[in-house]
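There are structures below to look over.
You will see chain A twice below: alongside chain B first, and alongside chain C after that.
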Partner chain A sequence: MSKPKVAFFDFACCEGCQLQVYNLEEDILNLLELVEPVEWREAMSDKAEKYDIAFIEGSITRPGDEESLKDIRERSTMLIALGACATIGGVNKLKNNFDLAEVKQCVYSESAGMGHLETSATKSVGEVVKVDYHIHGCPIDKQEFAYIVRCLALGKTPVIPNHPVCVECKMKENICRFEYGEICLGPVTRAGCGAKCPSNGMWCFGCRGYVDNPNVNAAREVMDQYGKTIADLQGKLKLFGSKQEATDEMA
Partner chain B sequence: MRFGGEPYLVITAGEEVMTKTVEVNVHHVTRVEGHGNITLRASDGNIEKVEWQVPEAPRFFEAMVRGRSYEDIQTIVSRICGICSVTHSFAAIKAIEAAMDIKVSKQTDNIRMLLHYGEQLESHALHVGYLVAPDLLGQNSVIPLAKSHPDVVKTVIRLHRLGNTIMEVLGGRMTHPVTVKPGGFTVLPTEAQLLELKQMMEDSVPDITTLADVVLSLADKLPVFERETEYIALVEPKHYSFYHGDIGSTDTDEVKPVNEFESVVNEYVTPQSTAKWAKWHRDSYMVGALARYNLGADHLLPLAGKIARKFGLKKGCCNPYMNNVAQVIECAQVAEHSLQLIDEVISAGIKDEKPDVKVQAGNGAGAVEAPRGILFHRYEFDEKGICTGANLCIPTNQNHGNIQKDFEAFAPQIIDREQNEIRLLLEMLVRAYDPCISCSTHYLDVEFI
Partner chain C sequence: MSVKKLSAKAFNKWVDVCVQEHCVYGVQAKNDRFAFGPLARGVDLRLDYDVTILPPKKYLQPPSEALLKFNKEAEYESITEVEPFVIFGIHPYDIVAISQMDKVFSADNGDIHYMKRREQATLVAVDVQNASDNVFAGSMGTAVVDEGFDILLTRLKDSYLIDIRTEKGEALMKHTKKAEDATEADLKLRQQVQEDNKALLNKHELLTAPQELPALLNQSLDHPVWKEKAELCYSCGSCNLVCPTCYCFDVEDDVDWSLDEGVRRRKWDGCMLAEFAAVAGGHNFRRHREDRYRHRYYRKGRYIHERYGDIACVGCGRCITACTANIANPVEIYNRLREDH
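Moving on, here comes the complex of A and B:
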């Protein structure tokens, strides 16, 4: 069996998720036994016409980028959203809370009208094309990336966690961030990160997006129990969860 | 802008009667972080157009941070750049500390510098080893090098991992640190963890020497091209600076305080770029490892100094390709200084300090050296600590104008060469700057109240 041909593409993002692929260090060499990179602008000067698996990092913020993404989709058997900007829009969606003309004016002032500075409302990859798998997180977890690549190369279906971060946080025996007077998004956020932020003294800001059917009532109860308001929660939800259905529901 | 539908590289050459045309169009230069294009058109040896273009999608961070609490700023702006996330975090935190008059302890300072060095080492190893080395060895990527030069690749991997390990231990993870806050750290390393890092640093010295020897053996592949320009970096009177200091320039003996950075960067918009460009005493200036070297080489520690002498890199070098060599020298510099910092933190005894912040209204600027050059952040906060304005000026934006000026000077010198070679030399020139174009944040004309 020939190795699946893989490609990486990036749109509006920090390219930190592709960096996690480099961060696999020696394990990259093992993955290269299973898949063959044929196009990866950040790492290679090669290119190809067809891909078995295309990894897409970044959000879509320009009409031209939508067309590029659709073109990649047409030439790919499988398309995977890589990291929060691609899976949920990530911090890029903070922009959608403002008037776009005003945002441009704020950053480029008198030059804002120049054509090449065009921008549109931020979209996740799934809002433009069909996505076969989501690799969550900001940044992605490199081990989860390697696991998913191995599964797909071997024809297996990867299991993407669908329980909240609280589960992993409890297993780490962390003291709940609410006990510190903070608002933590662990109760509604998809796990798989190993609760890295709460384990390092920081509340969860929801970079992996919401679990399917987040337990909104339980989240409200926790807020009440710790004397927090819905307005407090809304502010935190906006950070990585702006303009997502679950955010609107909880708000 | 199609991916793959048309070739990234279009080169046409026509030997028409008496006319030789050269056209180089590189759509999205590879092996750099972010998107940049090169366009060159020449006829009979006359350059009609040579342009460095930046089509990166703008992300509008300065607009997006408005209305957010000072506590969220680092989390947001770290996402400007995956490979400079520690640097962006520190520029933001230092600016917040300046705005709210927050003082940090010597311990916090030292551990921050150590964490920052982890990022320098990781980034330099990645850039020199994975992105530049293929050019010097005639390959399209590092992947074939894993088979042809396995020992070199493994050396680079070990240094890359060491940088990452430092960030993971001190920052909570390798990219987008979670422990760094205005005023200090959420969690501190233990003495045992620091001693382990120290051992790893000591063990890395042979790898750094090997990397230097490999690059030295290939140094004749680095093009010879010199153009005098201005170099700008953080400077301190007695140290090779990455984290502290004022703004220094090779064009003046005077230094500027970080709080006046806008008078240094003087940004402007150009039609060939979505990122803004910068100039101070001349049409353009350069930031990055070579700028730091040209301003701070007198303060290198012994191993870094020894490696610099091996290369014969002189202070005042104005060959931008030598930025790669300066990065190798800096790998030694950060490793050596890290050992000193660890000793200092341990001998003082690790104190269980927590960030102590009294929220107040204010406006402040912070500057830190990213692996690819000096980075400036400024924020303004109201009395509740809500951000009301921001101005971020990133190193690669400061370099874009200098890359263009280099193109204009270098293209006529190489125009009679084979077109593929012209393309490669221009691509290598862009890569030498270690650009990080994703940091697509821009100057704004904020009216600070």
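Moving on, here comes the complex of A and C:
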């Protein structure tokens, strides 16, 4: 069996998720035993026509990017969204809370009118093309990436959690952030990170996006019990949760 | 066997020797809460704790546990190596929970992973010194215990009574020469502590006798409380995960980079999680929050009773504390069902 040909592409992002792949360090040699990179701008200069697996990092923020992404999709057997910008639009979706012209003016000032700064509302990869798998997180967890690649190499469906971060937080025996009077997004956010932020003294920022069926109404209702307001909750949801499908009304 | 007595000072020295001679997990402070963890010194042991965040179950059924190694020739080898260990400072309600787990995991073919750990464990119980905010062990008949442990400690004024019940317990007592026999007066004091605890460990009062819960639930399948509370449920499983009598798990395989060999693990699962009852082919038997929410109460109050004769709630109150939405109080639910019947 020949190795699957893989490619990495980056759109609007910090490229930190690809960096997590290089951070596999000695395991990167194991990775290369399983797959053959044929296009990977950050790591090599080769290009290819067809890909078995295309990893897409970043969100889609320019009309031209949509075309590039559709072109990659056509040339790929499987397409995987890599990291929060790709899976849910990530922090780049903050932009969608404002008028586009105002955003450009704020960021680029007098240069805002220049052609190459053309921008559109931020979309996740899945809002433009069909995505086969999502590798969540900001940044991705390199061990989860490795696990998913091994599953795909075996032809097996990887298990990507669809339960809240609370599950992993409880397993780590953390004290709930709500008990410290903080709003934590753990109860509506997809697990798989090992509850990294709550385990290190911060609330969950929601970088892995919502579980498939988040109980946003419950989130609203419990604010009262903790002396918080809906606006407090919305403030927390904006960073990663802006304009996510099914929960648009919240952010 | 016998009941001994150690002064508070001699008690600490005894624990110090125990931690040198054995692998000991004991209750310690975790910020302003308490948790079982590896114990390094007697002075860190906090037997005055109210409740631990997780029950000691985590040492008998770890959150994530390797079950076996396999290879692509379909050969496998079970992983069951566990060194002997001691759990120091288990409250009576958690001892009752462990006794229930013993029944569950030894039933039918038995679970070698749990049974091996259980066999290697020495359980040192302690009568409660401070009641937690949500404990209702008094209502469940679990505020005190008389079996299921190797040693039971009871704090008296300046000393500990040490009730030794098994050879494992005797083995620990070899680490002190200062123990005297408890006197009649000491035993009377202990009886008073235990009587007091039955009343003190009852912050929520269940209005139904525990053995009547299966009948109460039998009449309550369509009660509006299930839907009403479930609307606030995050399906986060917190109530399951902190419960000393929840034992459900999910099994996952992972292969190494060679793709030739792998490890099968089990991880804690919970019946409140959205995909808990999903089966091959995609059908989910409890797709709605409401169904899952009700199931937990039926599991605790009826199904386990039907199978093993126990009510699967020991009144530790951890679920009440862990639930962010504040909908997991079994006493509130059972009392409401009773009121409406």
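We adopt the following convention: the second predicted complex is superposed on the first by the 242 of 251 C-alpha atoms of A that agree within 3 Å, B and C clash if a C-alpha of one lies under 4 Å from a C-alpha of the other, contacts with A are read in each partner's own complex, and residues count from 1 in each chain.
Keep in mind that, in the parts below, contacts are C-beta pairs under 8 Å (C-beta built on N, C-alpha and C of every residue); 3 or more make two chains touch, one makes a residue touch a chain.
This structure is a prediction, so every number in the text was calculated from the model and none was measured.
**Q** Mind checking chain B and chain C on superposed chain A, clash or fit?
**A** Aligned on chain A, chain B and chain C fit with no clash.
**Q** Decide which partner touches more residues of chain A, taking chain B and chain C as the two options.
**A** Comparing chain B with chain C, the partner touching more chain A residues is B.
**Q** Applying the document's definition of touch, where does A:Ile72 land relative to chain B and chain C: first, second, both, or neither?
**A** Only chain B; A:Ile72 stays clear of chain C.
**Q** Would you check which partner chain A:Ala101 touches, where first means chain B only, second means chain C only, and both and neither mean what they say?
**A** neither
**Q** Is A:Gly64 touching anything from chain B or chain C once the two structures are fitted on A? First, second, both or neither.
**A** The answer is first: A:Gly64 touches chain B but not chain C.
**Q** I'd like to know which partner A:Gly186 touches here: chain B for first, chain C for second, both or neither.
**A** second
**Q** After lining up the shared chain so the two structures overlap, which partner does A:Glu110 touch, if you call chain B first and chain C second: first, second, both or neither?
**A** The first partner, chain B, only.
**Q** Considering only C-alpha centres, what angle arises at chain A between the directions to chain B and chain C, nearest 10 degrees?
**A** Reported to the nearest 10, the angle reads 110 degrees.
**Q** Quick one: classify A:Glu173 as touching chain B (first), chain C (second), both or neither.
**A** In the superposition, A:Glu173 touches chain C alone.
**Q** After the superposition, pull out the minimum Cα separation from chain B to chain C in whole angstrom, please.
**A** Closest C-alpha pair between chain B and chain C: 12 Å.
**Q** Overlap of the chain B and chain C footprints on chain A, residue-wise?
**A** On chain A, the chain B and chain C contacts do not overlap at all.
**Q** Using the touch definition from the top, list the residues of chain B that touch chain A in their complex.
**A** 1-5, 7-8, 28, 30-34, 55, 57-60, 62-64, 66-69, 72, 75-76, 79-83, 85, 126, 130-131, 134, 140-143, 146, 154, 157, 160-161, 164, 172-176, 178-179, 185-187, 269, 271, 273-274, 438-442, 444-446
**Q** Please output the residues of chain A touching chain C within their complex, sorted ascending.
**A** Within the complex, chain A touches chain C at residues 27, 30-31, 33-34, 147, 150, 153-154, 159, 162-164, 166-167, 170-171, 173-176, 178, 186-188, 211-213, 215, 217-219, 221-222, 225.
**Q** Once bound in the complex, which stretches of chain C touch chain A?
**A** 30-33, 35, 53-54, 58, 63-64, 231-238, 241-242, 252, 254-257, 259, 267-268, 270, 273-275, 289, 322, 324-326
**Q** Along chain A, where are the residues that touch chain B in the complex?
**A** It comes out as residues 9-20, 22-23, 25-26, 29, 32, 37, 39-49, 58, 61-62, 64-65, 67-68, 71-72, 75, 90-92, 94-95, 97-98, 102-104, 106-111, 114, 116-117, 119, 138-139, 196-197, 199-202, 205, 235, 239.
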